[in-house]
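What follows is a group of structures, each given as structure tokens.
Next come two complexes built around chain A: one with chain B, the other with chain C.
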Partner chain A sequence: MSLRDVLSPYTAWKHLFEAPVTIKDPIGREAAERYRGFHQNDLSKCIGCGSCEDICQNAAIDMVPVSDPKTGDSGLRPMIDYGRCCWCALCVDVCMTGSLTMSNEYTWVDSDPDAFRFTPGVDLKSWDAEEKGYKRENNERRLTGTHRPEMGMLEPEARIASFGEIVHGYTRAEAVIEADRCVECGLCVATCPAHMDIPDYIRKVREGDYEGGLKLLYETNPFSQTCGRVCTHACETACAAVHEGDAIAIRWLKRDITDNVPRERYFDLISKPDVPETGKKVAIVGAGPGGLTTAFDLARAGNEVVVFEALPKPGGMMRYGIPEYRLPYDVLDHEISVIEKMGVDIRCNQRIGTDITLDQLKKDHDAVVLSLGLNQGRSTRVPGSEEAESAIDLLRRITAGDKVPVPKQVAIIGGGNVAMDIARSMARLQRQKHGEVGVTVTALEDFDHFLADDEEVEEAREEGCVIYDARGPQEIVVKSGKVAGLRTWKCKAIFDAEGRFAPKYDASDEMVHPAQMVVEAIGQSADISLLGAELTEKLEWNRGRIRIDQNGRTSEPWLWAAGDLVSGPDVIHAVADGHRVAKSVSAMLQATRETH
Partner chain B sequence: MMKDLIAKLKKHYKLTEPDYRRADLTFVTAQKDELRSLLIALRDIEGFTHLVLLTAVDWLEEGLFQLTYMLNNRAANRTLALRVMIPRANAVGDTIHDLWPTAETYQRELREMFGIDFPGSPRVNDEFILEGWTDMPPYRRDFDSLAYSLQTYRERPGRVTHDPREHMKKALYPDQKPEAAK
Partner chain C sequence: MMFNLKTDRSQYPQPGPDGKLEIDLETGKYLKLWQGPNHPGITGNMSVELTVCGDEVVAGKTHVGYLHRGFEKLMERRSFIQVFPIVCRVCVPEPDFNEYCYAAAVEELAGIKVPELANWMRTLILEMGRFNSYMMFLGGISGALGLGVVGQWMTYVRDLMLDRFEELTGARIYHMFILPGGVRGHLPDGFAGRMEEVLRTAEKYLADVEKVMFRNAVYKRRTKGIGVIDPKLFEPYGVTGPNARAGGVAKDLRKDAPYLVYNELDFEVQTGKDSDIHTRVDVRYRDIHQSIALIRQILQKMPKDGPVMAKIPNVLHWQIPRGETYIKGESSRGEYGYYLVTDGSGYPRRINVRGPSYTHAMALLEHLIPGTNISDVAQLMVSLHTYPPEIER
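Let's look at the complex of A and B:
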């Protein structure tokens, strides 16, 4: 053994008075700047989507109720079990709101293991305001795509030349990209009036299982083809994805399913359930989306259902209100044929009061459902308004193929979607007849408070319509018995301090829009004259509307009221209403069967 | 300089189109049976004396593992990453511990985390960082981390979670699902 070997342990002694490398007590030692320590959650930003829980590979997260659910926020917040957390930060990376972050705090001693299970942001901790730690870099590190594929559409030049459908629908590749962005949180479902199974059918798109997707759509909505095109898509406002980019194109994905199932397959996939006939008869007045949804449900439950429609074809507003370029007639025809296949008997040209009486319906059926559209246009009642056309009436005549006057200049009063519909329809007719467009739209609202959808306004402009905001109609100028123009004043305010409709004008800012036709598109009402004096007298009313319970039942036990008559002109609301009414009618019929 | 090197190598070896990631970093895929000879040429002739790392990628859908050998030429400050693809089933790579002793450690890690064997590599079957591991190698993409953690680690009692959609339904529209059709 050499001397060196003997002495070598002692050479270590030279380190005796140096600072040790290891730390005796690590508590209190600050971690690196971007260390992944205990979580922080900004409760006001978090929407309770649960993506953090879903992605966690250690099942460390539970979603727990913290506040009341509201649009786009479940009110749940993540509670983390640090007995399981491995500090991987996947939950931070997936969080679309950026609410979830990690502090660089990692040391904490407690003898109670349950102390390490808490809800960041709710259970206050010393590191809640810590700046250091792990965040998504500039909020740029994203696990999901942020933008929806642009929808293919006809160019304005091609659009205006015909009433052909504008929107092409997604290609398969586009649909997959879009479906892939959905995190399946389900926050949107509460906002959809019909509570459609949105994340489930988006999954079907992703998987390419269109037939399964179609079945799912029909569980909540027999007008999925229509809604896939013209739905007001309130769901998209509640979508979690808006927090880092575009909302998921829920409407277009629904359309993608309906477009990808061959029409004849619908009849196999949506077959009538094998239920015994109830022997009950139900009459439905009005073949709009609400009435036909009620009919669909009640027929599938084994009842005999007859729908009475005053106009020559079924569909209500979907046919006679929404222009063909947004919802082609063959799509609607096919959609309604699926409903008829359930055994629903639709009788057109049957006007209540003229062709058949409500009394008769009551006598022949166990229940009667009034599902009336808002098919009477409201009037401005300004001087000359008796010479004005009504938008809703004009749209109906265009659909019916009637010859409508098409002057070179048309002025429209109104700023909602119906105003855009008639503006764009008249623009097409003008283009056919005169080779050019001459449509002026005057809306009471300013552009910041506009009623029509942005895309409607933009497309109308692209097609050559001129849109003025904050203009109030004063007079329809009539010269020697003919409409010559529309006189408007600048609108300064629409509502008074109490929120009542009381427009104020600036008379010094006057315009006269030259026009040989003025169209009023300022709202619609239902024609309730068909009820007849006796029934009108008997029914309970609430500010001009029939009083109904939450399921659409009127004060008369045999009569239900639904559709636009009750909740406004929107297909998906009508569908939701239709379901509710069907359920209520079913329950009543069931009860009478049991007592007899 | 990298372009010249690749051109020169291509005269003797089958290489794919290189990916010039940065001025000082190039990726290229080589043939499995030419790997050893390529590595020796790079080390002894071209000055790539340092093995920066050896790692793998699981191309589950293609049924392949990718082995990436990253080499560095310190003098020229250049890095070349050689990729070779090997079948995923019965995955076996050629050991290079005799070329670079550090490869022994990388190969042990790949054996444990991906299940890729390197016959002849010292201690290749010894545990590396996982102790008493009995499941599928965890870096394989078909390893289900969540299922593993659920069956391996005990759940603290008293945990309850809520599905956002169901929770909102209960609070906002408890019985509004259309049932007439069902």
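Let's look at the complex of A and C:
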């Protein structure tokens, strides 16, 4: 032992007069920029999807109702219990909208222990506006996928050459990636008119249990193959994933299930339930999605169901309004055959009012359901419009295989999806006949307010259609009894100050689109002449539509109405209607059985 | 010499021919003494049940379980992402090893490749964690010997490093930064400069520790030749890390089985020969300096930009195919490892945490205790550098 070893420790004394190294009062010390402190929630962004609640391993988050939710959200917001929270910030990382963040605030003193259970954003706090604190880096959500795989499609050259289906459908790998992105929040379910069990069938895709998935689909939608292709997918606008990246491709995933179950298996999986026959008879007018869904439900409940269809084949507007390249006929045939397997008797070429009267139907059946499509085109009534073709009529004739005139130049009036359908159908026919496309679409709306879906517009353009926006039809030019073109003016405004339809034009900006055929695609209506004068008089009406109660029943107790006639042109709305009406009819039939 | 340190052992019990000690408490010769679970001479919450005769300890039994929170079982009921906030809690002073081992195990079984920059960041964090763990150790060993001031200095230096942890990870103690797939963020602007200041301060205080502790007569007397671990015990007792290196075994997983970016870094395995308390502290002291050098090296060599997170599946229903793996690394206390078994479901089938404290603080300590003086038990235990939370997962 040296003397140095005895003295050396005393060197510690050199610190004697230094300030202490410990901080005397840590309260008020500002935490780091990224510090994971108290939570903030931007309520204008939060949709109440509950992903934050799902991920929290401490069960610190409870979704609680708030008084002023936005439309399309769950009406719930995360309430956080600081007695449980461990400040892991996984909730911030997973948040589907980026609304949830953390401040760098970390001291909070309160004598009430319940105060530490609070709803950020609702219970206002001093740190609500604090910029510092934990945020996701570059605001990137990295814990769930943000983008959908691109859908494989025919190239424009290939698709314009025929009416073959354009969209390939996902490969298994793509479907798994896409299905994996769903956070199972269920926000979409409320938005889907038929309330399909979306998160659960998406899970089936993930698990590869396509047969289980198909059964789930059929619980709410006997037209899943059709909807998997042409649904207007309102669900996707409500999807939690839409706020940062792409919505889940709900429609394509539905299609993925239906494509991956062999057709013959459908008949085993969707078998008729073993229920006793009720002995009741129901007549349904119109074999569109509304009527056939009603028929499907009522037949499965043990009723005798007959569907009367005026056209040669069932399917209604799905067959005669939607072009084959979007919905192949064999898909529809197969879908309808599953419905027929339930014992539904579909009688085609039976026009009510001509071949058989509504009165007769009423007499022969316990209930009658009207399910009419919007199969009559509206006219612009501009000079020369009597020479125009109606889009919906043309589409029907193309489907039916009738010969339709195919001139080299066609002008279309209208900017909705039907306008795109007829434009693209005519383009295909022109290509077949003349080797080139000559279609001009003129829409009243400008591109910022366009009615047709973006992809429809894009694909139509790729196929060679020319689209003009903000053009109002003035005249269909007829020369020596033949259509020669369409004269349009620039449209400056469509609606007046009260929001009524009153287009204003700039006459100085005139165009004449040369065309040997002009097609009007400006809306459709239902042909209700089959009701007859007496019944039309008796029924209650609401602004030109048959008045129905919330179950789809008209003011006549034996008559229900469903489909486009009551909900506008949309397959999934018609399906939802069909279920609603079937339920109401069933309840009535049940009641009569019990009282007789 | 001022004190007669020779003990008259005649009154102490002698072992029988089989080497075993017959302890009959009825004789009144022995006393049971509990050190812990709350005791300044215990690292963390555990206790040693000492049987003493005079001031010599004749037997010691370790008792654990005071901290048991059932982590491993808990994790079997959590999804793979939900395990992430739990693992750091398995070891308070050096939590990052848990984050790394768990993340790496998940990544291996799920087939995820981590971006290069993330591996550098992880290495940086592990060395920062090692440094801080050693700060706790130096404070602990000096405290066990009554050198309280060293503990205060080390706490201060550790706090400065915690500031760096805070700005990098968003938290001081439980960083929750190494996420399966990568790390949560990049270095904040100016981080390297602020880190350099901390390292310089650390070096300054370490120089003081050198003078106050290592050149201290009392310290030397109480650590040299005391608590010697016979290197023959290393294998059967699973002794790793500085405890083994102080006995001449040049084993360091950073060299022997390089993980992360260690094979791109220059460093040496620190060893000693005497295997006593003094050597163990000395090996760690040199390792601290090496960590400082490594932190500088990493900050200098690491890529300046690039992604820090790989693409991972939707964590809300992440399922990992059937498999098992063991991921290990060299923590400040020795081999740290995670054994993960997956069964294709969304939950780990089994997670087992291999903390070096499990062997060091229980079996090894029990073996080393008999024959020591009561007053040496504390520094003997601290010299093994053990953290009870990792014993009780």
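Note that in this section the second predicted complex is superposed on the first by the 561 of 596 C-alpha atoms of A that agree within 3 Å, B and C clash if a C-alpha of one lies under 4 Å from a C-alpha of the other, contacts with A are read in each partner's own complex, and residues count from 1 in each chain.
As a working rule, contacts are C-beta pairs under 8 Å (C-beta built on N, C-alpha and C of every residue); 3 or more make two chains touch, one makes a residue touch a chain.
Predicted model, so just to flag it, every value in this text is computed and none were measured.
Enquirer: Does the superposition put A:P199 against chain B (first), chain C (second), both, or neither?
Expert: first
Enquirer: Which partner does A:D68 contact after superposing on A: first (chain B), second (chain C), both, neither?
Expert: first
Enquirer: Touching A:V189 in the superposition: chain B (first), chain C (second), both, neither?
Expert: first
Enquirer: After lining up the shared chain so the two structures overlap, which partner does A:E137 touch, if you call chain B first and chain C second: first, second, both or neither?
Expert: Second partner only, chain C.
Enquirer: After superposition on the shared chain, which partner residues are touched by A:Q57: those of chain B (first), chain C (second), both, or neither?
Expert: both
Enquirer: Based on the superposed arrangement, let me know which partner A:W87 touches: chain B (first), chain C (second), both, or neither?
Expert: After superposing on A, A:W87 lies in contact with chain C but is clear of chain B.
Enquirer: With both complexes overlaid on chain A, does A:A32 touch chain B (first), chain C (second), both or neither?
Expert: In the superposition, A:A32 contacts chain C only.
Enquirer: For A:P120, select first, second, both or neither according to whether it touches chain B, chain C, the two together, or no partner.
Expert: The answer is neither, since A:P120 touches no partner chain.
Enquirer: Shared contact residues on chain A for chain B and chain C?
Expert: 57-58
Enquirer: Touching chain A in the complex: which residues of chain B?
Expert: Touching chain A: residues 145-146, 149-150, 153, 155-156, 159-165, 167-169, 171-173, 176-182 of chain B.
Enquirer: Could you pull out which chain A residues touch chain B in their complex?
Expert: By the definition above, chain A touches chain B via 48-50, 53, 56-59, 61-65, 68-69, 74-76, 81, 83-84, 113-114, 117, 185-187, 189-190, 194-195, 199, 219-220, 273, 296-298, 300-301, 576, 579-580, 582-583, 585-586.
Enquirer: Which stretch or stretches of chain C touch chain A in the complex?
Expert: Touching chain A from chain C are residues 78-79, 81-86, 147, 149, 152-153, 155-156, 163, 166-171, 174, 176, 181, 184-186, 188, 208, 211-213, 215-218, 220-221, 308-309, 311-317.
Enquirer: What part of chain A is in contact with chain C in the complex they form?
Expert: 1-2, 4-6, 8-9, 11-12, 15, 21-22, 31-36, 51, 54-55, 57-58, 86-90, 93-94, 134, 137, 142-145, 180-184, 203, 206
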